[in-house]
Amino acid sequence: MDAIPLFFVLGFVARLARSDLKIPGQLYEALSIYLLLAIGLKGGMELAKQDALALLPQAMSVLVLGAIIPLIAFPVLHKLGKLDRFNAAAIAGHYGSVSVVTFAVAVDYLIARGIAYEAYMPLFLVLLEMPGIAVGILLAKMGSDLRKVRWGVLSHEIFLGKSMVLLAGGLIIGWIAGPAGLEPLEPLFFDLFKGVLCLFLLEMGLVAASQASALRTSGVFLVVFAVVMPIVSALIGTVAGLLIGLSPGGTLLLATLAASASYIAAPAAMRIAIPEANPGISITAALVVTFPFNILLGIPLYDMIVRFAHGS
Amino acid sequence: MEAETHTPQPCKLVVIISEAAIEQSLADEVMQLGAHGYTVSDVRGQGRHGARSALWGADRSIRMEILCDEETSLAILQHAEKTYFRHYAMVAYVADVGVLRPAKFKHQR
Amino acid sequence: MEAETHTPQPCKLVVIISEAAIEQSLADEVMQLGAHGYTVSDVRGQGRHGARSALWGADRSIRMEILCDEETSLAILQHAEKTYFRHYAMVAYVADVGVLRPAKFKHQR
Amino acid sequence: MDAIPLFFVLGFVARLARSDLKIPGQLYEALSIYLLLAIGLKGGMELAKQDALALLPQAMSVLVLGAIIPLIAFPVLHKLGKLDRFNAAAIAGHYGSVSVVTFAVAVDYLIARGIAYEAYMPLFLVLLEMPGIAVGILLAKMGSDLRKVRWGVLSHEIFLGKSMVLLAGGLIIGWIAGPAGLEPLEPLFFDLFKGVLCLFLLEMGLVAASQASALRTSGVFLVVFAVVMPIVSALIGTVAGLLIGLSPGGTLLLATLAASASYIAAPAAMRIAIPEANPGISITAALVVTFPFNILLGIPLYDMIVRFAHGS
Amino acid sequence: MEAETHTPQPCKLVVIISEAAIEQSLADEVMQLGAHGYTVSDVRGQGRHGARSALWGADRSIRMEILCDEETSLAILQHAEKTYFRHYAMVAYVADVGVLRPAKFKHQR
Amino acid sequence: MDAIPLFFVLGFVARLARSDLKIPGQLYEALSIYLLLAIGLKGGMELAKQDALALLPQAMSVLVLGAIIPLIAFPVLHKLGKLDRFNAAAIAGHYGSVSVVTFAVAVDYLIARGIAYEAYMPLFLVLLEMPGIAVGILLAKMGSDLRKVRWGVLSHEIFLGKSMVLLAGGLIIGWIAGPAGLEPLEPLFFDLFKGVLCLFLLEMGLVAASQASALRTSGVFLVVFAVVMPIVSALIGTVAGLLIGLSPGGTLLLATLAASASYIAAPAAMRIAIPEANPGISITAALVVTFPFNILLGIPLYDMIVRFAHGS
């Protein structure tokens, strides 16, 4: 059996059982810096093998995908879920953006099954990081006087947040350095990747369990949303994958990206951009429900959907 | 030149405990309000907004302490209240302390 | 609703410095004694029990600060003394501070 | 020459010379999380290759071994050493439990000499972690009113302390995932193991030296105890190894486990469970004397004993 | 034997914030001047010497707090001023606090 | 293209753009402990293959080289640059000592081009760490009453600073353990080296950019000094390399060592030994100007110089 989800379970159970196991804060930061850089580098290296210009139409479509998802999520949350504009917008932004770790788990799923995928998919991961967050913020600000919004601060937060800098920076370095330039970095950034991912999932299990008590107060609607929304997004992602001509493996990755909700970049950006939103709500949805749902059940489910759509 | 004395002179110490997300803005604003410096440390804790255990990014808190004159201390407290108390996990207090070189912490208005 | 004022109102600040091993129990007990929150940071130091340099697990210390009303502050100090002073490395002190929203720190008895 | 003990010496000397070299606290925690998980995973992987049920009798015997050692150590400390009940019990508990790093050094000793051993030995390491601590606590509480003892808190401390969770969690994950599932984790958890062990020993050298001044006040008895007790325990461990039919390599590991004293899990548990005990005393014995004795002289000595016992 | 009381007795708290480079010497000197202990934490901040963001080795700051009697507190402040204020990034202040066992912090002269 | 300098650029640009990207303090310390140990071990391992005694004359010459550079730099800074005695001496000490990371980048430069070099060069790195700092301190103290200088404290600072302990400790361990003893440590200390170096350069980029604003106030003289001094030192280093019979590769490394300025060991020692010196000035010169100059332009330039000198 694959070891990765087991680490999440270990962390989750340990915390529920009130063990004193903790991942020190700076180790957590070190692990995320590593994961973001490694994924960026990997993507950049693959990009160096491609004709980057030829990817432009696909890239544009992916940006649109990232903007559509929060536009769908927002009215559901606001109208159906009766959440105020700020919270609805913030949650929508989390689901428009992506989870790097969920992506990594999906890649691992494909590799373990020997399914091929477009190796430049991390480029799309980078592209999908921002637009969802941006749309979420815009949705929150639409009620207020748009001239009062500090656009500079906001775009700074979106484009220069550390996740973005590491992902995009890694991508660009990988692109410039190319496979030959990256070869000496492989033992650190590629060979250790899956092991580090396990440590990160252990930590995510701890964090998710520590937030789990919020489930009781969050209401049924939020839990249902956090399970149904990813499936809807995965469907949209599957359609997008078909439209831009991805392989089944690539389509699964795009569907998973669409289905995943950010819990690193988005919370940081939203806290500054939409202070009115309660961060507890979006994190409970994204991390306590959607994240484990995706890595435990979602990915196999999306795989079935994608196979069906690809007619295989 | 600073006036130096050898017995402590009264000065105010403002302490603000809040979310790590606002560290940078808070620091900028504190300086704008007339402080000449500040000190920050990483903390964890619990309050009205529940536990903030610094387990991960969004969960980190900071403690900022500022030595300043009374006027600035009030300005900082009131600014913090106006800007952050509503939407952010935050507590703030002020204490009377003594410093050897009070001029260092006085705002030139 | 909390009563808010624009000048600081008196409040007590209790600070306890002790072994990291008791962080969780201390936090639980402080809340039980009527505090509404606390803030913890990692420290190192020296005292009657020798140096605690935070070089490794058993050697780590924490500093907990608690804003509360006077009654709670005394209860916390006395509880700490009774429960921990004998067998644990620990110091504790209390200070007078000012807060804008004293109600936040008052224990409803 | 083997590099591992040299790192301990480097740390020890650096600190005695009052160098400002320090291992940052969170790096120390990261290293121990890594070591505990890696040993657990390794053991679990080997367990997956075994008929686990067949190990049950051996496992039971090992649990008994862990309980016997503190029962021997306690009267020696209390009667002969004139230590009060609390300190005697706490120290006995440290020696009943085990040192993960000493175990790792012994494994390395065997590998370097090409001596075979039962690959599932980490299972016994996990089993030996607890009973010693539990017996130590019981010994301390025997004087007081047993109904007043907070058993819940104590068993929580013993079974859910982070060492236990990581060791046992790693073991279970390794067991479930099996060799195939762990393969992608090998570069991190297995290939880097010995290097990380060196860093940890550097830190242990620093810590041991920082505690070394306590030797002066601790009295001759404690030092003698901290050298003789491991040898006695190793003899018992050797007998146990013979009885349960371990190979010479496995017997050496069991003897070393018996001889080793815990300085990670036990101090944490004891501090909560027996606050009356002075942690300085047990740590001086376990870390400043017994640990270096074991890794520098003990293991070769136990090897001779085991060879003699196995008649080879 | 220490005299213990159940209401807090006055005591001084000295706080020094400075460069990490002098932690060891400062600690040694504070003990020599009559303190019986101290507590240190890692901080970052800004002051007259610009930002000290603890980004890397030379940029780290520490915060040391010392409970002691008034005489010692003055000795520490004056020593810090004489020895470090000129060439090191440093601030220091003293506050009045209450402790349960004042004897623990009194210097036997 | 080589990836290493790109990480420096990423850090530098991210910080200039005011991104919130940060390397946590303890990760920074962990990375430097790793780099220093790894370089020491590598050098010690190569030393074990040599007749160490035969290196003695070369080693002595290298010590002299380290003492000469600050003696040249000091009058330039004091007389020409009008810096007071303390600041001039402190800066001179920084340039007399060496930058471990610059050395590692130069080694990487040689490996990437398949140029051979004396594998025991890390020995010279260790030797060059101290004398520059010592001479710098002496220069500062010459004005004052030499009997008042606390020589004990100073020599402690120089010989037992953590950089020195890790470098020299690694060297000695590598020497004693030899290639066979170090083999199991290779995955950690050698295979990951270049990747870790990249992370460290990312951090150095962040730090350099955070200090860059000091350039405005530091004056033109300092910037010119920080570019010209390395070139002068590289020339001296080249001559020294020729005199002691190093290969072109070894000569380039010695030239680079001479050209490099310390920003880890020297600032720490100087802050204690010469409190009158403003640390901002020396760090701006060494880290903001000289370090990027060396890794981006200097090394290729010194390569040309060395080739010319070696007549190839």
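By written order: A, B, C, D, E and F. Residues from 1 in each chain.
Heads up, the rule we're going with is that a residue touches a chain if its C-beta (ideal position, glycine included) is under 8 Å from a C-beta of that chain, and two chains touch if they have at least 3 such contacts.
Everything numeric in this text was worked out from a predicted model, so none of it was measured.
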item	value
Graph distance between chain A and chain C, where chains that touch are linked	2
Any chain in contact with chain A as well as chain D	F
Between chain B and chain F, centroid-to-centroid distance (C-alpha), Å	39
Separation of chain B from chain E, taking each centre as the mean of its C-alpha atoms, in whole Å	19
Per-residue multi-chain contacts in chain C, two or more chains	41-42, 95-96
Numbers and ranges of chain F residues touching at least 2 other chains	20, 22-23, 25-26, 29-30, 187, 192, 268
Pairwise chain contacts under the document criterion	A-B, A-D, A-F, B-C, B-E, C-D, C-E, D-F, E-F
Chain D partner contacts - residues on chain C that touch it in the complex	19, 21-22, 25, 42, 49-51, 53-60, 84, 87-88
Chain A residues touching chain F - in the complex, by the definition given at the top	25-26, 29-30, 33, 37, 156, 160-162, 165-166, 169, 172-173, 176-178, 181-182, 184-185, 187-189, 192, 268
Residues on chain E engaged by chain C in the complex (per definition of touch)	4, 6-8, 11, 13, 27, 31, 36-41, 67, 95-101, 104
Residue ranges of chain D touching chain C (in the complex, touch as defined)	22-23, 25, 28-29, 32, 203, 206-207, 210, 263-264, 267-268, 271-272, 275-276, 279-280, 283
Parts of chain E lying in touch with chain B, wherever the complex brings them together	15, 17, 41-48, 61, 63, 74, 77-78, 81, 85, 91-96
